[in-house]
Structure formats: structure tokens, C-alpha cells
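For reference, chains read A, B and C in written order, and residue numbers begin at 1 within each chain.
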Amino acid sequence: MVDWFDANLVSILNGFAIGSLLFILAVGLSIVFGMMDVLNLAHGALYLVGAYLAYSLLDGGATWGAFLGALGLAAVFGLVAGGVLSGMTEPLAKRPILDQALLTLGIALIVAEILAIIYGNDVYRIGAPPGLDGSVSVAGNTYPLYRLVLIGIGLFLAVVVWLVMEKTSIGALVRAAVADREMVSAMGIDNRKVKVGVLAFGSVLATVAGVLGGPVYGVRPGLDETVLLLALIVVVIGGLGSVKGALIGALVIGQVDSLGRALLPELASFVLFGALALVLILRPQGLFGPKKVAS
Amino acid sequence: MSAPAHPSTDADATPGAGSTAAAPAPPVSPTRRGLLGAVPATVVVLVLAFVPFFLAEDPVTILTRILVFGMFAVSLDLLVGITGLPSLGHAAYFGVGAYTAGLVAVHWTPSAPVPVLLAAGAGAVAALLTGWLAVRSHGVFFLMLTLAIGEIASQLALQLDDITGGSNGLPVPSIRFGSEPFDADFRIAYTYWYVLAIFVVGFAAMWLISRSPFGLALRGIRDNEDRMRSLGYTPFRYKYVVYILAGGFAGLAGGLFAQVNRLVSPVDAGFALSAITLLALVLGGAGTLWGPVLGMAVVVIVRDYYGPDLGGHGPLVLGIVFVVAVYVLPRGMAGLAGLLTGPRRRTRRSIVPGEERTS
Amino acid sequence: MSDHLLELSGVTRTFGALTAVDGVDLAVPVGSRHALIGPNGAGKSTLFKLVTGSMPVSSGRVVFDGTDVTRMSESHRARRGISQTLQHSSLFLSQTVERNVLMAAQRQPGGGRRSLLPRRQRAARDRAHELLTDVGLANRSAALVSALSHGERRQLEVAVALACEPRLLLLDEPAAGMSPAESSRLVGLLKALPDTVTLVIVEHDLDVVFALATSVTVLHLGKLLLTGPPDEVRASTAVQEAYLGTGREALFLDTPASPSLAKGDRTTELGVG
């Protein structure tokens, strides 16, 4: 057992790094969906925007200024994108979920294509900021320091989001809205403002995740789809609108994906789908989802 | 340009097109209505059959692709427009069919129509295996699950490179009839006729399914699943069966694609295909069967015909068209046909007919 | 075995702290015309849902034709011959009138095996046309449901329910919103149904109730108050005072504005929603 852990330590750590990133992505997607019934298929495209921003700023040299600048720009872009998405989906709010999903799909196509026009089809690597670009020794394995930092950031964000959700009035509002969507308007709160806020929050997380993930996964066309798919699987497994679900789903999928690739490279996709199928057969509403959604 | 249907062909196949609002018409025998509808359909097929005599090779090639992807769009319409199952991963079954036909052609026989028939079977089996899980779920869970199925199919195609050729794709031998390959001089025309024949058979089969009592039940499930339960139906069974059928027709289209394109690669099972096919449904009008073929014609022409002129950025144009269409064309071109003949109803319109009901 | 088609024993349904249907025992003989009356919030619609299976019981048993169907799904019960019309229209709005009836008619007969044979389809279509003629909608069969008037929709509901060839037909306020002519036509149609169809009807229009019913049950705040022949119910002082005395308004005088009645009203809302 100890040997097994030793042999696969790198894969396990990689799994945590992926899980960390997935949590940041999935929690936004999950809350946007749980509260607003908007399935935002442009979420992956927003990640891609963040990653390309990181590439653009860090290409001249991986300095802290550039890295933080990329984070700041990504956050601003995410805020704007959230507002735009909110405005664009509003006229369709009364239509079935498919219509809104298709709209965000169209937006995702446009964004991805514009990025392809600007950056072409090349695969880019992105450097980590100085001080974090080295490796450290973890139980005899050398491991990139930045990935450990990424795991730390993921855990930190998880704690912050958890605190916000459990201890603040905003969190209480979100939880109430996930449980009963009528609640928000019944409480006399402007539904549209909540929507802008929630979508902006989700979008900022997506673009920031793009910057944070850049030094690990680089950036390439098509990454948006991969990322969106993994985040969706996390959301389905974890349950819609649940922060705890997003965290545990992300950690599970991170490990399944990473260990799956290491141990069963041919079957990694099957393993992923198998995990998804298993959860849905046992708990159709996801591990921590509200029951009503599955009806 | 291809226009494989005249609006009147299917006036009775557009339940929510907003046309038949008034008119307490005396009951017309459905058989007679069917016969009347058959006339323009026959004309369209005849015109299409003579196309290679009039058009140059390039347009015929494009038309061939339109028919291939058009049949795929119709199979998706069976799910989305008729049954109200919004699948984001239907390309998975197209891909399964394409790889099956390709592998059959490589390892056994490229002789028509063996590869495409086996492709249809493989698509149906794939839908049988995955659909059980997908169809049990509702709403956004269905969206997500089908998306996952589609992505995993293309990932598999990429990873199983011993069999599929991975990202290089799988080269497929050209079609043969018996043991003879098509005459090189007329290869494009023969290929077109072969595709047209299978398209006509596939379309007719799907049309009959949608007009049958089974199809009526599917529309009932789309409009009000709970009510169907109280009428004694078990919606799950109907949805599962139509999911398998749609998978089979998607496989058939995929098989044709493999033989026509002579190269199958992982993107052919991917999300992009599902996405542009949904666009075709939005453009053409979901639930009409013929509308999506028109929508697919627009998509294929923009992407494959004008694509090179757009600097390879046809997808950008398609994305913009997509966004605009969702707003202004909730019933697609078929909806436009309805607007011409009927009063514009101020109901909340949606892409899938019947869903406005949910108030 | 008994000659009762429907037997309820101790049927109860609670919503949180509210009890919408409270320990109802009821036996409906084969072929009877049974009316269920009571003020708004008495639990009539909820009771129907418990019988059809669209809502599970909290406790108690539902026995249909000698079989315990308490745990049976709605569609299974429907296939055994329980059919209903709902208080809130549940027609297929984007379909034509004829197709709405066909949706039910094509499942029959045999309760399961549909057939793709043209002969069977024609039989279903003939049956649909016959039913539409019966309810007076024959000339509207090609119209979309969304184009029908309220009264016409109620008529169509009845046609759809009959197309299921039910053995037990539950009608929830079928005459609501109908003109006097339409509602007397409906009474005629229901009266002409063969004895093989057992009828349970919720109706506020007491003319309809007393024209049809062979027995009447009064429900109040989820509890069964009284069951008996129409004359007996009409003669009952409690019911008379409560019901007929107020000019056919569905009000019980004992607690016109009491909290318990308000509570009952909320129950109905929950039950319907």
C-alpha cells in the first residue's frame, strides 16, 4: 500500500492540482446553474480567455507583475463577461433551458473562434512566476512547486467560498435560492441584480482559473471543451448548486482523471464516464444535490 | 438551393408552427393528406436525382455533404424537436457509425451498402448502451450527460489509436458496388446518387416514425410527460426506443460520411458537430424534420463552401448566426413559413415546439 | 373479492404539518355514479391524485378492483382502467383536437400493446371521431387546442378521458366554466355511459351532482363527513344548512372565517401545485 502510494505519488498530487482547478471552475458553474437555471456552456471559453491572457502577458517574461496583471485583467474581463452574459440571457429567461444553453453555446463558438484568429492553432506553454517555477522534493520525488501552490490556492478558495456560503447573508441568500428559486423574488430582492452578481462571480472564477491553470496546462485551441466537460462532470457528480458537492466532485474527478491516465491510459475516458455513470445510477441528483432537480 | 422540401409538403407535420389556429375544417382523411404531401416530396426527390446532370462537380459534392449531414440533423430532430430530448452529444453515434463503416471497409468489404448498414446497427447499439442512463435523467442533467457522452466518444476515438488511427484519422477505402469501384469519371455523381438513395430511405423512415402512433406519443411526451403517464404511457420506454432509433440513423449518416469523406477523425464524433447540428435545427425549425435539412444546408454551405473565402473562420460566422437565430428565429425557417400563412401569435415562443406550455 | 371497484381505507395525505386528506374510508360499487362534494380545500382534488397515483399516499390503502394499487405507478393504474380529467386543463396545447383524443385512443384496446397496423389506427381514429361527436366537438377536430374556448377544452378533456376506455372515471369539476347548454349536454353524455364505467365526480354545480349521482360523499377539511344516497344527503340538516342554505356556495357555515378553513384553503393550493 505504501509502495503503491509512493509509486503513484506524482499522479496523486497531479490529481489534487487538477481537482483544485476543477473546483474553481465547477463552483461557479454549479452556483450559476443552481440559482439561475442557466447552463453556461461558455464557461470553458472564459477559461480559455484567461489562459490566453496569461500567455500574452507572461510571454515577454514570467514576472510577478505580469502574473498579477494577468490575474487582474482576467478578473475584470470576467466581471464584464458576467454582465454581458446576464444581459444576453435575460430575454430568454422565460424560455426552456435549451434555448439559453444554445445561446451560451453560440457565444462559446464565437469566443473560441476569435481566440483562434488571434493566437492561431499553436500550443503555448506558460511560465510560472519567479520563485514558483522550480521544483521541490516531495517524499523523494521532484515535483513542480507551482502545482503545490495551485493546490494551496484551490484549498484556500474552497475555505473562502465555504465561509461566504455558510457565514454571510449573501451565502444564505444563495442557499435559499438554490433550494427554492421563487424565494429570491419573494424576499423582495431584484432577481436581475442577483443574476448579474451570480454570473459575474462565476465568470470571474472561470477567467481566473484560466490564468492559474496556465503554467500547468498551457493553452491551446480546444482546451475550452475539455475543461468545460470536466467541470460539467464535477457539477453532475457533486450536485447542482452545492459548494461541498463541487469540492468533493472536483477532488474525485481530479484523482480519477490523473490516476486513470497513469494506470489505465487506454481507458481513462471510460473510467471517467464510469465514475459519472456510477454516481448517477446510485444518486440521480448527484452526491449533494437538492432532490427536486432530479425529479 | 437544395430545397428538399416545399413548405406545403409538411403543413401537417408542423404542429406548433402557428398556422392552423383557426379553421374548423371538416376532418380530412389522413390518407388523402398523406397523398397530397407525397406529390411535392416526389418532385423534390426527382429534381434532386437529376442534379448531377445540371450542376458542376463542386456543387454536387457540397450537396452530397448536405444530404449526409442533413440526415444526421433529422435524426437529432427526432430527439430534440419531436420528443423534446435536447441532446448535446448526438455526434457520438455519428462517430460510432463513421468508425464502424470505416473499419468494415478497411478490414472486410467497402462494398455498398454493407458498411453503412453495419454503421447504423453500431450507432443503435451505442445508443442502447448509453441511452439507458441518459434518458433516465431530465432537464439539464440530460444536457450534461449527453454532452459527456459526446466528448467521451471523441476522446475514445483519439486514445484507441491502434484501431482508429488516433488524431491522424482513419483512411477509408472508396465505395465499391459489388467488386467494382465507381468509374473514376463519374465517381462524384455515383457517390451522390448512392447518398441520395440512402437519404431518401432514411428520411422516409424517420418521417413515418414521426407520423405513427408512436410518434404521436413522442410529441405527447414532449408537451406534457406527466399527462402521458396518467394516460397509461410509460414515457421512459418511448424515450429510450426513440433514442436508440435516432442513434441508429445517426450511425447510418456517419457511415455514409465515412464512405464519402474517406477519412474519419475524432472531431467527427465531437462536440463541434453536435453544436452545428443544433444550429441547423434552430435555423431550420425543430420538430419539422425537413427544416433541419435546410438548416444543415446553410451550415454546410457556410462552413465548407464559403469557409475558405472566410479565411477558414466559417465557425465564427456560424457562431454569430447561432446567437442571432436563438433570438429571432425560435421556430427557424419552418416558423417563417408558418408566419406567412397564419397570424403571428404573441405566445412565448421557444425552439422546441410545445414547450411554451410550461407556464 | 367484493363488488366494489374502488376501496379506500384510511387514506391520508399530509403536507408537512397540514393534513389534506385525513383517514378517508370509501367504497365505490361497480357501475355507481358517485359524487364528491365539499368546500374548497376539503381535499377532493388531492384525494383524486391519491387514487390516480400522481401523488403517493402518506398512509392508508387504495384498492382497485380487488387489487392493492397503493404502491403502483400512475401509468400502471391508468392501464388498469383509472382515468381522469383534471381541474386544471392538461391538454396538449400544440396538438390538434383530434390528436389529443388519439393520444389516449391509440393505446386501446388491450391496455398496452399498440399496433402499427393501419386497421388498428383506423379503429382508433374512428373511436376518436365518435367521442368528439359525443361531446360536440366533431367540427373542431382539426383545430389546435390553443384555439379552443374554455368550455370546449373541458369537453375535450372528457373526450380524452373516455378515450382511455376507463373502468373508473374521475372527473374533477368537468362542468366548471361551461355554459348551461354545454353542461346539460355533458350530463346527458355521462348519464348515457354504460354500467361498466364507474363514475366519481367532483362538482360544485349541484344541479349536475343531483342529476347524475346515485350516491354522494361530503368531504370537509380532509375528513369524510357523510356518505349516502342523494336524497339522504340533501335531507341531512348539517349539509342542508351548510351547503344548500347558502345558495349553492360551497361553504360550510360552522366556520366561515375560522383559521381552520383558511388552513384548508392552503391545503388545496399545495395539493394542486
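By definition in this document, a contact is a pair of C-beta atoms (placed from the backbone, for glycine too) under 8 Å apart; a residue touches a chain by one contact, two chains touch by 3 or more.
All figures in this text were calculated on a predicted structure; none of them were measured in a lab.
Asks: What chains touch subunit A and also subunit B?
Replies: A chain counts here if it touches both subunit A and subunit B, and no chain qualifies.
Asks: Based on mean C-alpha positions, I'd like to know which chain lies farthest from subunit A.
Replies: C
Asks: Report the inter-centroid distance (CA atoms only) between subunit A and subunit B in whole Å.
Replies: Their C-alpha centroids are separated by 32 Å.
Asks: From the mean C-alpha coordinate of subunit A to that of subunit C, what's the distance rounded to whole Å?
Replies: 50
Asks: From the mean C-alpha coordinate of subunit B to that of subunit C, what's the distance rounded to whole Å?
Replies: 42
Asks: Quick one: in the complex, what on subunit B touches subunit A?
Replies: For subunit B paired with subunit A, touching residues are 80, 86, 88, 133, 136-141, 143-145, 147-149, 151-152, 155-156, 159-160, 270-271, 275, 278-279, 282, 313, 315-316, 318-320, 322-323, 326-327, 330, 348-352, 355, 358.
Asks: Help me check something: in the complex, which residues belonging to subunit A touch subunit B?
Replies: 33, 37, 39, 88, 91-92, 94-99, 101-103, 105-110, 112-114, 116-117, 225-226, 229, 232-233, 235-236, 240, 265-266, 268-270, 272-273, 276-277, 280-281, 284, 293-295
Asks: Can you check the complex and tell me which residues of subunit C touch subunit B?
Replies: 52, 54, 73-75, 78-79, 83-84, 90-96, 98-99, 102-104, 106-107, 111, 114, 116, 121, 124-125, 129, 138-144, 146-147, 160, 164
Asks: Show which residues of subunit B lie in contact with subunit C when the two form their complex.
Replies: Subunit B residues touching subunit C: 15-16, 20-28, 30, 212-214, 216-217, 219-220, 223-224, 226-234, 345, 347, 353-354, 356-357.
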